[in-house]
Every structure is written in C-alpha cells, then in structure tokens.
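To keep things simple, chains are lettered A, B, C and D as they appear, and every chain counts its residues starting from 1.
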Amino acid sequence: MSNAPAVTEGTALPAEPSAPRRFLRMLWADKFALAALLFLLLVVLMALLGPALLGDVAQKQNLRGRNAPPFEWARGWLWWMGADSLGRPLLARIIVAARNTVAIAAGAVLASALVGTTLGLVAGYASRRVGEAIMRLADVIMSFPSLLLAVIVLYVLGPSVTNVVLVLAITRIPVYLRTTRAEVLEIRERMFVSAARVMGASPRRIVLRHILPVVLPTLTTLATLDFAYVMLAESALSFLGIGIQPPDITWGLMIAQGKEHLTRAWWLSFWPGLAIILTTLSLNLLSNWMRIALDPTQRWRLEMRGRPDA
Amino acid sequence: MLGRTMTWGALLLATSLTPAWAQDDTAVTIVLNEEVDVLEPCMATRSNIGRVILGNVNETLTELDVRGDGGLMPRLAESWEQREDGSWRFNLRQGVTFSDGTAFDAQDVKHSFDRVFDPTITCESARYFGGMTVTANVVDDHTIDFVVDPVQPILPLLLSLVTIVPAETPIEFVRDPVGTGPYAVTEWSPGQQIVLTRRDGYWGAAPAVTQATYVVRTDPAVRAAMVEAGEADIAPTISQDDATNPATDFPYLNSETVYLRLDASQAPVSDIRVRRAINMAIDREAFIGTLVPQDALLATAIYPPTTQGWNPDVPVPAYDPEGAKALLEEARADGVAVDTPITILARTANFPNVTEVMEAIQQMMQEAGFTVELQMVEVAEHEVYYSKPYPTDRGAYIIAAMHDNRMGDPSFSAYFKYHSEGRQSGISDPKADDLITRASAATGEERAQLWSELQAYVHDEVAADVLLFHMVGFARVAESIDWTPTIATNSQLQLSEIGFRN
Amino acid sequence: MLTFIRKRSLASLVSLVGLVVLVFFLSRLTGDPTDLYLPLDATDEMRARFREIYGLDDPLLVQFGRYVGDLLRLDFGDSIRKARPAIEVVLEAFVWTLQLALVTMALVTVAAIVVGSLAAFRVGGFFDRVSGILSLVAASAPDFWIAIVAIVVFAVGLGWLPTSGTGTPWHWVLPIAVLFIRPFGLIVQVVRGSMISALSSPYVKTARAKGLRPRKIIFVHALRNAMLPVITVIGDQAASLLNGAVVIETIFGFPGVGKLMIDSILQRDFTVVLASIMVTALAIFLMNLLIDLAYATLDPRIRH
Amino acid sequence: MPDHLLEVRDLSVEFHTAGGVVKAVRGVSWHVDRGETLAILGESGSGKSVSTAAILDLIDMPPGRITSGEILFDGRDLLRLGAAARRDINGRRIAMIFQDPLSHLNPVYPVGWQIVETMTAHGLPGARARAEALRLVTRVGLPDPAGALRKYPHEFSGGQRQRLMIAMALAMKPDVLIADEPTTALDVTVQAEVLLLLKELQQETGMGVVIITHDLGVVAEIADRVVVMNAGEIVESGPAREVYHDPRHPYTRKLIGAAPGKGEMHPPLARAEPVLSVRNVRKAYGTFTALDGVSLDLMPGETLAVVGESGSGKSTLARVLLRLDEPDSGEALWKGRDLFRLSPAELFALRRDLQMVFQDPTQSLNPRMTVAQLISEAWAIHPRILPRDRWRARVAELLAQVGLRPEHANRYPHQFSGGQRQRIAIARALALEPELIICDEAVSALDVSVQAQVIDLLDRLRREMGIAFIFIAHDLPVVRDFADHVMVMQRGRVVEHGTVRQVFDSPREPYTRALLAAGLDPDPDVQAARRAALRTERRAAGA
C-alpha cells in the first residue's frame, strides 16, 4: 500500500474518532461479526443467569415425557427443543449448561494464556539457556498425551469443573508459550526496544511495558480462537467419557449422552451440537474481525464498508 | 506396509462401483462390541474372548444348556459321577481330534487343568476354583479323575468353564488356539477382524455356517447400522434405542443384575431403617420401558431367575416415598445421622443409560429426604470402591454396580456379595455366612432350599443392598439368519446354533 | 544442515526422555492394572501371581530401572492386555494411523490451498465470503457429532458407504471425510491470510507490472511465498493426526494408534502407552525435519 | 495538440484510509515523449507515484478509486481497456522498476527465471527468452552473467539487484519505462552508476522514461522536464533547468532552498580535552568484520559526523558505544572511565549522559505509548532526575523545545508525521539531559524540507545546551552544514578524519573524493558540467 498517502509534514493532525466509537463502527460494518458478538453476549447471559432461573426446571425429571420431540408448542416454550431421555426440557438444559461450558473454556483459556504468556516472555527475553529449557518443557507438554493427562487428573483428583479446566489449561500452555516467544524474539530486535535499553530500562520493564503490549493483540485473537478449540476439546473428552461427569452438564456432555439416542431422538444431541457450532463459529468470526480491526494496516477494509459512499 | 498403501491406491483407482463387502451365503459376519485382545483358550471365560472361541474353537467337558431345560449337558465328557471319596470321575468322548490333527485324550485334559493353575501365567478360569485344590489324575486314555479339596459338589458345572487344549500347548499365552471345536481360526488381523472357518473332522454334526468373520465396533449405533446395511449378520449387543425393528431385533435376559451395594459398616446406611428407606424410595417400575428396556425384570436376587434355588416368594420392595420418609425420621429420632451426604458412585458406560438411571435414582432418593450426590467414575476408580479393602476416607457412598451370574448356581455370587469375607460384600452377618457355607457344600434339593433361604434372608431381613433390575440386552440379527440370543449370548456365541432361512 | 539436524535430534531426545519419565511415573498414579485385568472375583492368589509376573510388586523406582534397562536393549516390554510385545502392537496400529494421516493431509493440503488462494484473490468477494463461512463452520463443529451424523445419513439412510471398519477403499471415505473437515477449515483460513499478505507484497506488484495473468500471479508468485506459514500449520495438523484421531478411530472402528492409546490408558496397559508415545514422538520428529526441508526447498533464503 | 507517447489527463484518484477518504491526486495531467525523460518530483504523501500506478493498473480497488481522467497511450484510453488488454501492455509496452528491488523481486525464484518469465508471458519462446536474458544481464553489467541468472535475489547487492530489475523491465524493449525512486536506498556511488546505466539504455532504445523521485539531484542528473507535486496536485512543471533556476511556485522554492550543503561550514573548534576517546574498537559478526580498529576523540560540545556507505560499520560503532552490542576489543573512555568495562549498575548511571536518536522514528517509538508516556519513561527509569508531580510540566516544556504543541502529549506516535515523530524522539533523548547524543541516520528517512528543519533543531540544541553529537549519515551534503569534524568510514575502518573544511574542500583520500564526486548537485547546470568533465576525463584515460 505504498501508494496510499501518508500524513504530510505541517498538515494538521487528522481528527480521529474515539476508540469505542470507532470499534462500534467497524463492528457495524461487519454484520457477521456483529451477529457473532450478539450471540456470544447471549451465551454469556445464559451462563450468568441460566442456573439461577432455570436450574430446577433443567433438573426436574419426567420419565413419562422422555425424548419428547421438539416443536410441540403445547408444553410451553421450554419444551420446544424437545426433552432429553429423562424428560427434562432441552432448552432449559442448554441454557443451564452454558455456565459450565463457558466457565471451563474461559477458565482453561485464561489459565493457559496467563501461564503460557509468562513463560513465553521469559523464554523470549531471558538467556538462551533458560529459553531452551522452557522450550523443552513446552515440547514435553505438547507431546504428553492429553487423554492420559485427563485420566490421571480424573483419577487422582476426581472429576470436577476445576479439574477439567486444569487438564485443558495444561495442554494449551505451549500454544501461548510458543507464540509469545516467537513474537518476543522478533520484537526484542525492534528499535523501540533498543531505545528503551539506551535509556537504561530494566529487562522487566522492557518485557512488561514495551514488549507485552505489542504481543497482546495477537494473544487476544489467539485466545478467542482457542476458546472455540477448548470447547470442542471439552466435548471430545466428554464423548470419550473422561471429561465432566453427570450430574454436572456441559454441551459436550449433552451431545455425548444424546448420541446413544441419535437414530430415534436426533434432537438430544443436535441442539447442544448446534450450540457448540454457533458459539465456536461466533468466536471464529469475532477473531477474524479482531485480526482486521486490531491491525492498523488492514483496518480500512472495515471502515470503508461502514460508509455509505463505498 | 507400503504395499498396503499401494493396493489401496490401486483399488481406489479401479473404482469398482459395486460395494466390496458382499459375501457368500454360508458365511456370517458378527459385529462385537469389545476388542479381542488375546485368543487364549484359558481366557475364554472373559466374554469378549469366549464369544469367539468358546464352543467354536475350544470345547469344554460339560456345558450348560441355555436353550432348553437340559441343565448340565455332556460335551467332551460323555458321562461323570461322584465317587465315594467325593472325587469326580469323567469318561471322555472318543474319536475326537484337535484341529491340528492330534487325538484328544485324558492327557490333554490334565494339561489343560495344569495350565490353568500354572503360576507363570494368569488364566482367568482359575478364579472359579478359589479356595480349592484340584488334582487331575489320568486313569486311562479316556477316563480322568478330579480330586478336589474341599469336596466340590458343583465340579461338573465348573468344568463347563475350562477349555481343553492339546497336551503340547506351551505354558504361555498362545495366539493361534487349537481346539476340538467345529471351527479353526484361519485369520486374525488384530483391530480388524478374526475369521473362523469350519473344519473337517469335527466329531459332531457339521454346522451350517462355513465361515464366521468377527469385527469390532465400539459404538452401538454403528453395530446396529451394520446389520441394517447388510455389512454384518449378527450384532449380539445393540442399544435399546436402536432396537426398533421386531423382525430383526431380539431382547434377551443377559444374566446381568444391576444393584446398589450398601456398606453396612458405614453410617448412615449401617442402620437397617435407612437401608429399607432407600429400597422404598426408588420407583423401580418407573424405569421399565423408559430408561431400562421393557423386557427387563425387577430383581429380588443378585442372580437371574433361571438360577438354581431362586426364590419366587421374595417380593419386590414397594415404592413408598412416604414410608421411606417416615423410616428416615424414625432413624433420625434415634440419633442416626441421616443427613450425611451420600455419594452414589457409578461406572461410566456400565450399561446403557447408566447416567440417566443414576440421575433418576439420585432424584428419587432426594425426594425421600436423603442428601445425595452423584459421581460417575471411570472403571479403575470404580474398582477402588467396589472391592475390599474399601476406602474409609471418602465419606458415605453407595456404589452402583452390575453383577453377572450366568452359571445357574448362586455360589458364583453369594460368597462374593454376602459373605463377611466376600470381596464385594457389604454385610457381615453370621447367619448369612452360615447359610452360604452350608449351601455351597450341599447338593440337590437341600442346596436349592438353602439358597432360597439365603435370598429371602438377605433381601427381607438384612436389606443388604438395593437390587434393581435383571437387565436385557438386544441383539440384531439379519432376517436371513436363523438365530436367537440366549442368556449366555454375552459370553458365548456358538456358531453351530446359527442357521439360514429360505 | 547436518549440524542443524544433530542439534534438533538432541533437543528432541531431551524432550523424549523427559516425556518418558513423566509418563512412566504419572501413569502409575492411576492405579494398579491388576484390578482391571483380573475379574472382580479373582482370588488373592491370582492377584499376587499376576503382580509377580508383571513385576508390579516391586518399588516404582526398581520398575523404572528395569524398564529403562530393557529399553536400552530396544525391548519395549510386553502388553499386559494383548500378551505380546508392546512395540509390535503399536507399530501395527501406527501403520493405519500413518496411512489415514497421509491421505487426509494430502487431500486437505491440496483443497485448502486452492480454496484459500481463490478466496484471497478477491477479498470480500462472493467466493471469499462463502468459503470463509464454510471453512469457519468446518473448523467449529465437533467431529464426533459429524461422524455419527454422517454414518446415520450416508451409511444407514442412503446406504452409499459402509458404516465403519476397514477392508475396502470405500471404508476409508467416511473417516477421511470427517477427519478432513477441521484441518481443512483451519488451513483455508491460514492460506487465505497468508495469501492476502503475499498478494499485497511488492513482488506481486512487479508481477502485475510485468503483465502476468492472475492465475500465474496467485499460484506461481504469491503461493510459494505464502506457503511458509501454511507449512507450519500443516505440520501441526499432521502431527495431531499422527498422534491418532482418537474420536474418529473409535467411532469408525479404525485400528489406529489413537484408539490403541485411549484403550491402553483406560486399561492401564502402561507399556503400550509408553511405546505409542515413543513411536509417535519419533514420527512427529521426522515429520518436523521434513517440514524444515520443505521450508528450505521453498525458500532459498533459509538454505544457509 | 500533437499526440504524445504517453499522456495522463486530469487524473483524480482517492483512497479510503483510517482517517477518511483521501484524494491522493487531483486533476493531474502530464505527458512524456519518445526519448524524453520526465521527472515527477515530490515529497512523501505528495501523490507522485499514484498516476504511474494508475497507468500500470496497480491501484487496488478498493481501497483506491479512480474518480476522473484518462490515460492515453497509443491513441487509446488505458482506463477503458479490459484487463487482458492492459496485461498485454504491461511489461511489453510500458515497464516499471521500483525502489527497494529486494522486496520487488520474488525472493523464492532465481532471477534468471524471473527475467525469462517476463518474455514468455508475452509470447516469446523459452529458448529465445533465455538467450535474451543472458544478453540483458550482460548488458546491465553484472559480473558472471550466466551464473547470476541462477542465483536468487538475496545473493546480490542492492545496486546489482536494481540492475537486474532494469534488465527485467527492458526485456520486451518497452516504449515507456517508469522508474519509481530507483536509486533511493542505494549508496551514492552506486546511485550514480545506476542513473548512468538508465541514461545509456534510453539512448540505445529511444524509450520515454518517467522517473519518480524526491531528490533534486536525481532530477538535475537525468531529467529533461520535471513536474513538481505537492499534496496531490501539480504545482509547477517545465524543463528541469528552468524550474531549478526560476521556480514560480512557493513550494518549489522552498524545496530548492531546503537542499542541504549550501550553508556556511563550521569553523574549526579550539583544541580541548576530549570527553570521549575511543581506541582501537573491534567488532565482528561471525566472519564479517564490522569494526576494524576504530579510534576517535570527541571534545565537549563537538559535533562529529561519521559518514560511510552501507557496510562501513558506522551504525555498529553507535551500537557498540551505547553497549547495545558488546565490542570484541578496544576501549572507550568517557570522562576517564572505560564504557566497555562498566558493571551493569555503573552503566545504568551513565545512561543519563549518553543518549541516542534512531534512524526511523516510526520504529524507535513504541506504537502503544502516548507521547507523554514515551518522554516521561526516562524519569520512571531514573527516578532521581525528576519527581513525578513535575513530569507533566516538563513534558510540555520539552515538546515546546523541539517545536511541538504541548497539547499533543496524549497522542500516539502514528498520529504524527515523520518529522514530528523524530522531534518526539529527540525530546525523549533530551529528557535525560545527556551530554552526548548519538544520531544514527537520524534524518535520512525524512523528506528534504523536513531534514533541514530537524537539522536546524539539532543545531540549536547544540548551541543552547552544549550537547556533543556523533552524527552518523551516509550522505555527505547533509553533514556539511552541521558538523565540526567529519570521519569517513569504509569497511569497518576510518579512512579519513578531519575538520569539516578539510574533508569537503581538500579531501586527502581517493574514497572521500569519490564519495563527494558521486553526490548529485541539485543544479542541473552543475551536473551537466560534471558529466562533461567526466567524459573528457574518460576520453583522456582511454586515449
């Protein structure tokens, strides 16, 4: 884009809209991302309020009404997705399960991002030897079979939301570690880091004040994607029977339980599957949008679309 | 390896549009639910192995008639008798050859027994002979004596569990079992398939099936689909949900009994009122036809009704949540800590709908006033709670389990589940111990009588556990195949019983 | 190049040793295989005998020492379950996984490159939008769910394909198709992003100024440069396939190393777990070397 | 009106940017004839490359949009032709070379392949194309032409790469060659050679050449006519000599006035005790020797210019002196203490005294920090300089001192122009109240008019605050008006060191003389005279 004009010397600085307004405008420009964000907000809302509002309904069994088919309006809106094999309304269960699903994914992503980024910063900026040692550690974690890890944690610590978070977090650490380290290795050679060194800035200051903020957008995008990945991983664990155990519920577990009835009552695993697809799809869409919105050289694509004259 | 890839590519290129899984009409394909790890005859009592080789490749001296009322029938033995000193003499069938061509005689029988008890390998059949010493004495080529200490009244039944191998078989696990059965293993590609082919020279009538191919699919929906799609002829276990076609899908009592084991040494279930309350709190009827197949039976014993000495007069506990509450209150008044949180521990994938069943039981108990949590655990952890020594540091728990007794005699269950020394026993009751000891040593009518007494006692007087259902399994059988499942289908599938329609 | 390979091998060896130690000791935390192998009503005598045969009654460190000693003689120990050498069991399964991974990755690579490149050429165009949404949906769906639905639809409902298993080429279609979906969705995204930046690079401007056709600009000039980040992702995806596609292998009854691994873990067949870890680690190491070679082939600047 | 070879009429192009729609060029018209060289002169952001990009269909739409105008070539309006027809013209009839040939050549293909491709794409058979490629590479003067064809772009030097670009552009003997800043990143001596080559080739083929440049010297050397652009419009056009000698538009006048190297040179400084004395510094990166025994003395308040072409080791010298890189041997006494042997704590204390201004302010300012944060970071690191409550006031003061508005303190670097950013970087260096500032190519990324302003600023700081400067540059004219002493470096060694007058008026070393001679004078007449002198010299040498 070298033929796009730069700001010339002496001209007044262009007035820029405030950051929130600008992001709202860019969001408006990408309707997919907007829809994705709205859907994610809905999921978060479900996770926050669902158990309090519908916790009892979602647990109330009715063996006579098991596997009730969807779209039967007579039973009330909670039943329009049908009922599961214990006659519990699927819609209510999906709403209630949102909390564990989101909590596991968020917990795992936050924990792995925090640990991975910290280790990555150290590996990237510390001496070669420390860096190499950390990378070997990452290799070991990467090749440690996650299923074995899940079984170990499940066996030693027992199945619980926290422990599933632990398993998923450990397996995802290398992703952040490697990304951060690679970025740090590149950024530490940049001139503004040299400038900070010339001023006498300590390594700690350079890493936290100069390098971390530059890595952060990449990590945010990565974390968004990873959120989707972790949700899928959690459901796969549930499928194999080594994840969350009932009566705790997550969407993944609902699919796993419903698959036994797939030929006769497809809705049991269809709706939670759809919930996962929509959520991960939204996260993917949002992260694609973020990749553009956070990149000053790509941003015009969104800003242009939002204007009527384009 | 490379060759396989190349063939694969070549086949793909050939793009013959005819599906290549068609087969000739006297061969059958059977789709099993569990991987076959080893094909070792002395492991044939393990159901996944037994279904392939038991009665097909390797035979036993006796066998239990599961299709009729014949009771214990001769197979490789022609007759047997108990002698004065309590030992058993078996007269062996003559003119029998192994698939490797060698003749069958008493030495083979003796070797088969020695192999089972050899300390350098772990043969599963040995478990039925716990606490006994068995000595096999060859009398002549076709006569053999078994001296058992202590005297074992049901030895002929136990012998239906010991597969006979040639005397040349090494004392290590074999991968190419040799037996006297009508079939021989002709191909085994681990993870893919096992092929049995009918052999000439079998001593009995030649079966209709000439070749049987066994494949394994762990997903029940896939197994059902394979029969429907014509890829397989028999799927011995499919799920209840898939069993929708009466023409092909057959339910069968599968000798498994689901129950909740209570540990009477643990508060609050140490109080009999609490144990009774749990029994009353569960609406067993509600499960039938919903989460548990329509054909399942409510259990009053830990073994199925086909077992000797099964007592028809023991009633199913009535569903009475109010009564349960009252009993709980009564216990509370006496200072029993009825509010102690109790954890139900159940094994994932133990039987179809196990999670839902347990969730329902949890709710029913809660409605009766219990504080109940549910924890689904993996098999290894389940085992920690299920067998002695029981963990003492994990609070009050009830363990949900499934017990299999297809042998027709309660002795395969009673000692383990109700004797104070039994590995999975929750009670320590002198009267029960006495009944078990006496019944195990008795024969005939007396034996049946004692077992009946024990069943009534532990169920009605002790309320030792919460018996739930005798489960049914479902088999899907292609319409061209003439075969119905039996109570033994889980552990044995004799190809000679399969016929063809039309 | 040789020093590079040597350095790489050494680093991998260090990781592998760490991994084996970690797996050996951590896996023993998950209980005694005796209880799982023997029936519930097995006698104490049988249990004791079993422990003795497999050396389970020795202290853990003694067991480890024995294992390492055997390992140095390339003896990976026997599988408890299958009563034969663990390495045999693993290699048998690994061949299947390898074939599945190779075929799938080959298809994914070709398809993702074509689709991603075309999407990048007209950013925001119709093809870009459609392929974008489709690839995102593909990357977002739980694979076991798709697998089961695919069986119900294509094998049972329509009867076009066998439900599962191995045997004919037709048996490969469904597992590969399901396995294809997620890496395809991911790699399309990467190809697209990488192609967008390659297409906006100065040398593409030169190519346009030279009057080259778009096809040539995309597939000759931009693509080779855009392949570098793509190869990394392909490597990652291939590595995870080499680790075994547990879920797919389980559903389709595919005797691969992923299914072997989960079965062995659940059965506490530790020798098989360790052997499969070592075999897959070696395979992944070799594949990473291949990836590095591919890098060097594609980009002359890296050859030095 | 007679037909021209190529004519742009009333062209307007706009771009969508983060700041809104920018009209990159407005109503631009120019033409070029056969055998003629037209220069489009302008600073960054003037829109000087936009019209040529439109000619070759290189404007991405979106974000660009051509709103009006026509481009006439061969009697046809290019803007109305289909994509296939334009591809047929690109590379065959109109060819282009670019600034920064490294990134404009495809890094993963051999250069020979790329040259051949131009010809095969336009229908030449492969064998003929390969023979022609060899001829072209020989013609543009590369050593070992046959071997060169098999090599990759990164294996050549900057000048060689530009020669390869030229060979590729001329492969189809185009009627028009467009050269976009073809010599900007090159060393002066290489620049002269490349321009000479272009001129010779033009004489051989009779093509029209459009050269886009910001450099008056390039215009003076090569152009017949010039159009001057500012802010998307043509402000002046005419024969190059006329425009230089008689500029009409104020902007043109300002541009010509800003050309460096015309002011008074500094008088020699009085001898004094050096504040920094460097002895025999060596530094090697692998097998490459960057510094090969460099020594220098710097007096308080002195400005020492270090001049050299790429690879001379001048930037390494700066990095080593500031301990950004560790030297292999040698010493550097700062007020009697050896900088190279300080402990981390001592070095930290000394950081205050020695500061640096980097070449590219876009990269040396952390994009995620505001101006106030950037400047006050110095005090966060060295808390004893200034208490926190006085930071705001001091930032405002410093901004005023470097000529920026104090109210811009809360903005981010990307909101400023290049020159303004360099002022921020200078303010940041000043925050620590240093005694020596090392400027590493501090003005070479800036436009000429901005260069002059920044140099003025530095000169003022020197006078007012007595700060010493080590001023590193690749360009001799830039340091002429500013330096007290000049040190010329080549391949890691100091080849000449003297007062500014000595070096400029009576250079002793042939290398210094070659550097001075290769520099282009903005006056077309001076350049014409030099060329004439060179020709005579060559003829004499040839005779």
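What we mean here is this: a contact is a pair of C-beta atoms (placed from the backbone, for glycine too) under 8 Å apart; a residue touches a chain by one contact, two chains touch by 3 or more.
In this text the structure is predicted, and so the values were computed from the model without any measurement.
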Other chains in touch with both subunit B and subunit C: A
For subunit A and subunit C, chains touching each: B, D
Between subunit A and subunit D, centroid-to-centroid distance (C-alpha), Å: 45
Separation of mean Cα positions, subunit D and subunit C [Å, integer]: 50
Distance between chain centroids, defined by C-alpha means - subunit B, subunit D (Å): 86
Residue numbers of subunit A (touch at least two other chains): 1-2, 151, 155, 259, 262-263, 301
Sequence positions of subunit C contacting 2 or more other chains: 30-31, 148, 152, 156, 200, 202, 250, 266
Multi-partner residues of subunit D (at least 2 other chains): 58, 60
Those chain pairs that satisfy the touch definition: A-B, A-C, A-D, B-C, C-D
List of subunit B residues in touch with subunit C within their complex: 1, 4-5, 8, 11-12, 19-21, 35, 37-38, 40, 45-46, 119-122, 124, 126-127, 130-131, 172-173, 175, 190-193, 215-219, 221-222, 225-226, 228-229, 231, 378-381, 383-384, 386-387, 412, 416, 423-424
For the subunit C and subunit A complex, residues of the former touching the latter: 11-12, 14-16, 18-19, 22-23, 26-27, 29-31, 123-124, 132-133, 136-137, 139-145, 148-149, 152, 156, 189, 193, 200, 202, 243, 246-247, 250, 261-262, 265-266, 273, 277, 280-281, 284
In the complex with subunit D, residue positions of subunit A that touch it: 1-11, 13-14, 16, 190-192, 194-202, 205, 209-210, 213-214, 296, 299-301, 303-304, 307, 309-310
Subunit D partner contacts - residues on subunit C that touch it in the complex: 200-203, 205-213, 216, 221, 224-225, 298-301
Residues of subunit D that touch subunit C when the two form their complex: 56-58, 60, 86-92, 95-96, 98, 100, 103-109, 117-118, 121-122, 152, 154, 165, 168
